[in-house]
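Below is one structure. I have some questions about it.
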Amino acid sequence: MSATPIAAQPPVWRRLIGFNMLTGLVLGIGGWFLGAWIGGQMAVGHPYLQGTDQNDVGIYMGYLFGVIGFLVGLGFANYPIGRLLGRPPTLRQHETGSWTRYFRLCTDHKVVGIQYLFGVGIFFFIGGLNAMLMRTELLRPVEQAWPASQYLTLVSLHGTMMIMMTSAFILGPFGNYFVPIMIGARRMAFPRIEALTFWLVPAAGLILLSAIAFGGIATGWTGYAPLADEGRAGMDAYVMSFILIAISLTLVGLNLMATILTMRAPGMSWTRLPIFVWSVLATSILQALAAPVLVAAMAMVLMDRAANTSFFLASAGGSQYLYENLFWFFGHPEVYILALPGFGIVLELLPVFARKPLWGYRLAVAGMLGVTLLSFMVWQHHLFVSGMNAGLRPFYMLTTELISIPTGFIFLIAIGTLWRARIRFTVPMLFALAFFFNFLIGGLSGVFLSDVPSDVTTHGSYFVMAHFHYTIVGGLVFAFFGAVYYWLPKMLGFELNETLGKIHFWLFFVFFNLTFFPLFAAGFLDMPRRVSTYAPSLQTLNIFVSASAYVIGLSMLIFIANLVWSLVFVRQPAAENPWASRGLEWQVPTPVPVSNFDRVPVITSGPYEYGVPNAPPVADFAPGALPAAGS
Amino acid sequence: MSRAARTLAVAAGVAFGTALIVYYIVSYLTVAPPVVAATGSKPRVHLTLQTVPSFGNAPHPDWVSYLAQDPRGKWVHSTVLRVPAYSRVDVTILQYDTATGLRNPFWGQPRGTIGGTINVDGKTLNVLDPNLASHTFAIPDLGVSVPLKGVAKGAKNPCSVAPCTLAQTHTTVTFSFVTGKPGKFRWQCFVPCAFGFPLGFGGPMQSIGWMDGYLMGQ
Amino acid sequence: MTTIAGERIPRHGSRIIAIWLVLTAISVPLIVLVLGPHLPPPNMTVESADQRNANIVMTALLVPIALLVLVYFIYSFVFFRETSDAIVDGPPIKGHAGAQLLWIVVTSAIVLALAVWGSYTLIAGAHGAGGGQGPDPAAKPPGYQHALPVQVIGQQWDWTFRYPTYGGIETRDLAIPDHTLVAFHVTSIDVTHSFWAYELGVKADAVPGVDNIAYVNPRHTGFFQIRCAELCGLWHGHMAKKGRVLAAPAFQAWIAAAQKQNASIVKYLPKYSRVYYPLPLRRAG
Amino acid sequence: MDTTVSTATVDAVEQPDLLARIIRVGSRIWAASQAFFFLAFFFAFLYLRALNTNGIWRGWPHHHPSPSIAFGVAILICVLGSAGIARSAVLVAPEMWRATAWATLVLALAAVGLQCAQFSSLGFGPTDGAYGSVFVGWSGLFAVFLLGTCYWLATLIGDVTRAGGVPVVRAAAVEGVGFVLLVLAGVEIAAFILLYVVK
């Protein structure tokens, strides 16, 4: 964008100095030591902290200062300090320049989207690797590969990392990248907050990984409280990283919601809003309202551990139920934070590859908003056998089963859209269709869990584990890959190899089902979650599952190979609109200009008008004249 | 540098970073205390353990811990014990810690030992006052649970750095049990003896090599 | 290509329904008669039989739903696919009010029926279905006042059991009499556990400071598997043991033996209580 | 370092109304998020009080924590005053904004300072039963949130002092910070009733 000629390039080492990721890491590590030292001073006089290697105050202070150092090093402090000193507000920072903008604070939503894509991708890879290591342990019915404590850390790391990363899985890369383009905006509402939401993710991820160095996490991703209170210093990493992620989720919700509410281009009426944007809006509401409750719950755990409060210690006046309530008040909307963007993606892809308008658009929107509303009312179905409010169980059974009505709408939309369609089985379409197969199984297995008599057996067993992997991996991750294959040509400007993509899909799809379907049986046959030892009679089944899981891992390696092959070696530039989509995001040039549109476009037609006779183009990109008739 | 080369360089950097993280995780996973074999051979072997109130060395000087004596008489900081299957195991535990008291007094009764008794400083007991217990040695899958009497508070010459010597104040607990078919059994302590942790049950109480371990019957 | 539903178009809907009907007619009897008896949990108690019935009913109901969607999808993949390489638009059908209404009505009816049926079986039919109901159960089976109380104490990492009606003795092993209503009072003295007796169809979280009651009515003798279903720390996976349902005389003999075994420790045990708060109450040290 | 692109200012100047709307909507969402955050403490108070596990909701026997009500009233007045002034700023002429912003900031900072003073002479601590935990957690985190809002106020003062930026945008910021403070004042009222009156 900027036409300023770049002066003589300074040497490489000089270019490393400045506000960038490297500085951030250096200041972050320095901040850690500073904070730990301050925490050590604060602990003086508290015998249970002072002089022990479990000075939680020191560890929290270390993380706090470390995060602050990391953000300062990235340059997040410059603007607030400048504002205090009276510099005028600016909206954009570092949006042009070389490829190094990907490693620093950049307020261009497209850069943030790509940062997210690779950031969460790396953590997804590590989380998946943890799953492979877990399955290695489960080849034998008693601890063989890793001792029990390390296995539990592995379980917790896998769960926590996956939940954290998948929360940002679609809104992060695709929400940030495409929502402004899809609604005809030239930027985000809060570009600097948007950059912050991304940079909190690697900070949280690194902090979570540091749990290993502090003795690991023994609680699984749910971190149930009295156990979290007594956990080793690794729990501090869990708490801190979850706080950061929850702050990030809240701010993502804030930013995207404000963007969608205020920045739609003229003519982008609510009924013309792409269905993906609707799903992002619904998810943003959940994030902005549910994630703060998680921050509060984690703050209570933090205080229990560092300040010796007793929120969750029953013997000292607290209650473990408080944690369960707060956690699942966040936790169940969180499930839909994961699911809703997936709905949006597949419904966005279906019309493009079925070459038909989205069938029942309004019903789809109603379904998403219905899920959003209901998801705040179901959390106690995680606690059916906890002994809490047993009299309310029929109510939560009802609300939980009610939520399958709006979810069912999504299936109806797909059925209607496929009716007499002209389906093209491209790689993104394959992933979108697989979503429906997996989510069908995941959703229907959820009905077993919602029914209390049935839940008594399946609760806390591998059945639950298989259920939510069907919805999250089978749903969200498949939708994510559908989006990757669909949108990557626009984001990166290069085509992905289709053959490798199909191999990736089929391996992933087949072996995903071979991995997780048998686990329903394992749960039915009395195998609890998160165990490193199980009944010897289930060994054959577990070996089969592990073998299938390894093939899933292999399919991911094929995807990475595809990425490297297509981006580094072949570099076949992508067409501007390879799928002949009517989406607004496909009407802009590749690579997308910094400001997306030269002028704010005027939307003249809906995005799904496939086959509609004389449908006007989706937007007028050089408004000046009046918008075309029929808008 | 061309764009392709730059992409490749970034990809290589990412791969290197990821590989570092993977190495970090895997190296954590494979850390396990060394295996200590019992003295003697099938059908009767001897195990000698000690419990120290504070380990005194890195990485956790203030943690309570078990130590095991290997057949050459050297104290090893490990709780992974190897015994033969279908054998009688005579256990001697030198107990250097003061009494903490049991969370569940039920474990004050020795169970699963031959005769249902233990020998504490030469006296045979079939129950120990739960308030006097300092630790327990329990292998739940074999039904073995033995309370270990603590030394008196303020005793002379207390031990604070592992390994403790016989000259330091301790109680000696001996008992025998029989191993069954081969297998890997966990063993643990039931006394909330982890200083500084809520409910006394974090840290060393949940760490293999400290107050938890494996008994490998082979 | 802009046609309204033409006459020459095959009757896709009828075909799909026909295939679905055939598959349903085959699968539902198979589920009920062949798969049903193998669905968990094994019916050792009235409660676990209720749970198995719930599982059979739901499987028989949900499989046809899954089949309908799958048949439709596979059918559409075969008949609605674009065979040429060209990108051709399909008919611009944007919705159908009748179909949407039908779908909403049918799914709502199924869901409401499921919820009503589930609530009925939970409260009236199965009396809590073996799940933990907290200190004040909402669904009590008839004769609950005379149920045999058995306290289940979860601790890191073992289960112990107390029999308040037999002198408050505590045991490591669980045995309950046949054909007797048993009330499990599940509690914990440290962190959250979950008492799962698989064959009995019992699952109740062991929560510190809470007396979580689950009723169970054993129908025949045998062994059952006890596990912990809530992550409770290092040896969570090892909190497994076998329990026994004994005939009444055998149970009395077992209790007598347990009382004898308990003789030396019983004076040290705390008085039987619904919940315990043993020391240390907070941080040790 | 700061390579601000010229288009940025173009956006701000071309679309001040948009910017104002963004600030207004964003402040609503942020206020809602804050409200849900404190909802957790609200719930924790009522829930733990109702459960009264082990009978020590109100601390250990013979030691009932009782915060100084004078501090409570003083903090409440400061928060309510700052919210009231911030909110009423929309009613006064823009020339008055500087004064109102300063008054708001001073009162908010006073509330934070009073909270710190109270903590240093509390007479009980986070270890005193569930009430002690909720009291310390809620009041402490409220002060943190208030402090965060103070930053926004400080930037606002900078803007109105130098008359930088666009008037419409400045008006939106004045309105938005007032709204956020109003919600925080609601939280403080709930906190006062529960933590000092109900206990």
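Each chain carries a letter (A, B, C and D) given by its place in the written order, and its residues are counted from 1.
Convention: contacts are C-beta pairs under 8 Å (C-beta built on N, C-alpha and C of every residue); 3 or more make two chains touch, one makes a residue touch a chain.
From a predicted model like this one, the values you see are computed outputs, not experimental measurements.
Top-ranked chain pair, ordered by C-beta pairs in contact, is A-C.
Remark: the per-chain Cα centre closest to the mean position of all protein Cα atoms belongs to A. Centroids built from CA atoms put subunit D at 46 Å from subunit C. With centres defined as mean CA coordinates, subunit C is found 37 Å away from subunit B. Centre-to-centre separation of subunit A and subunit B, using mean CA positions: 41 Å. A separation of 30 Å divides the Cα centre of subunit A from that of subunit C. Touching of two or more other chains is recorded for residues 53-54, 127 of subunit D.
Within subunit C, contacts with two or more other chains are made by residues 190-191, 209, 233-235, 238, 277-278, 281-283, 285. Residue numbers of subunit B whose C-beta contacts span two or more other chains: 186, 194-199, 201, 206-208, 212.
If you check the complex, the residues on subunit A that touch subunit B are 48-49, 51-54, 99, 118, 122, 125-126, 129-130, 133, 142-150, 153-154, 157, 209, 212, 215-216, 218, 226, 229-232, 304-305, 313, 315, 564, 567-569, 571.
Remark: subunit B residues 3-4, 6-8, 10-11, 14, 17-18, 21-22, 24-26, 28-32, 59-62, 183-184, 186, 194-199, 201-203, 206-208, 212, 214 touch subunit A in the complex.
Taken together, the subunit A residues at the contact with subunit D in this complex read 1-2, 18-19, 75, 78, 80, 83-86, 88-97, 186-187, 189-190, 250, 253-254, 257-258, 261-263, 288-293, 295-297, 299-300, 303-304, 307-311, 314-319, 321-322, 325-326, 329, 594-595. Here subunit C touches subunit A in the complex through residues 1-2, 5, 9, 12, 39-41, 47-48, 50-51, 54-55, 58, 62, 65-66, 69-70, 72-73, 76-77, 80-82, 87-96, 99-100, 103-104, 107-108, 111-112, 114-115, 118-119, 121-123, 126, 128-139, 186, 190-192, 194, 196, 198, 201-205, 207-214, 225, 227-238, 240, 277-278, 281-283, 285, going by the rule given at the top. For subunit D in complex with subunit C, the touching residues are 53-54, 127.
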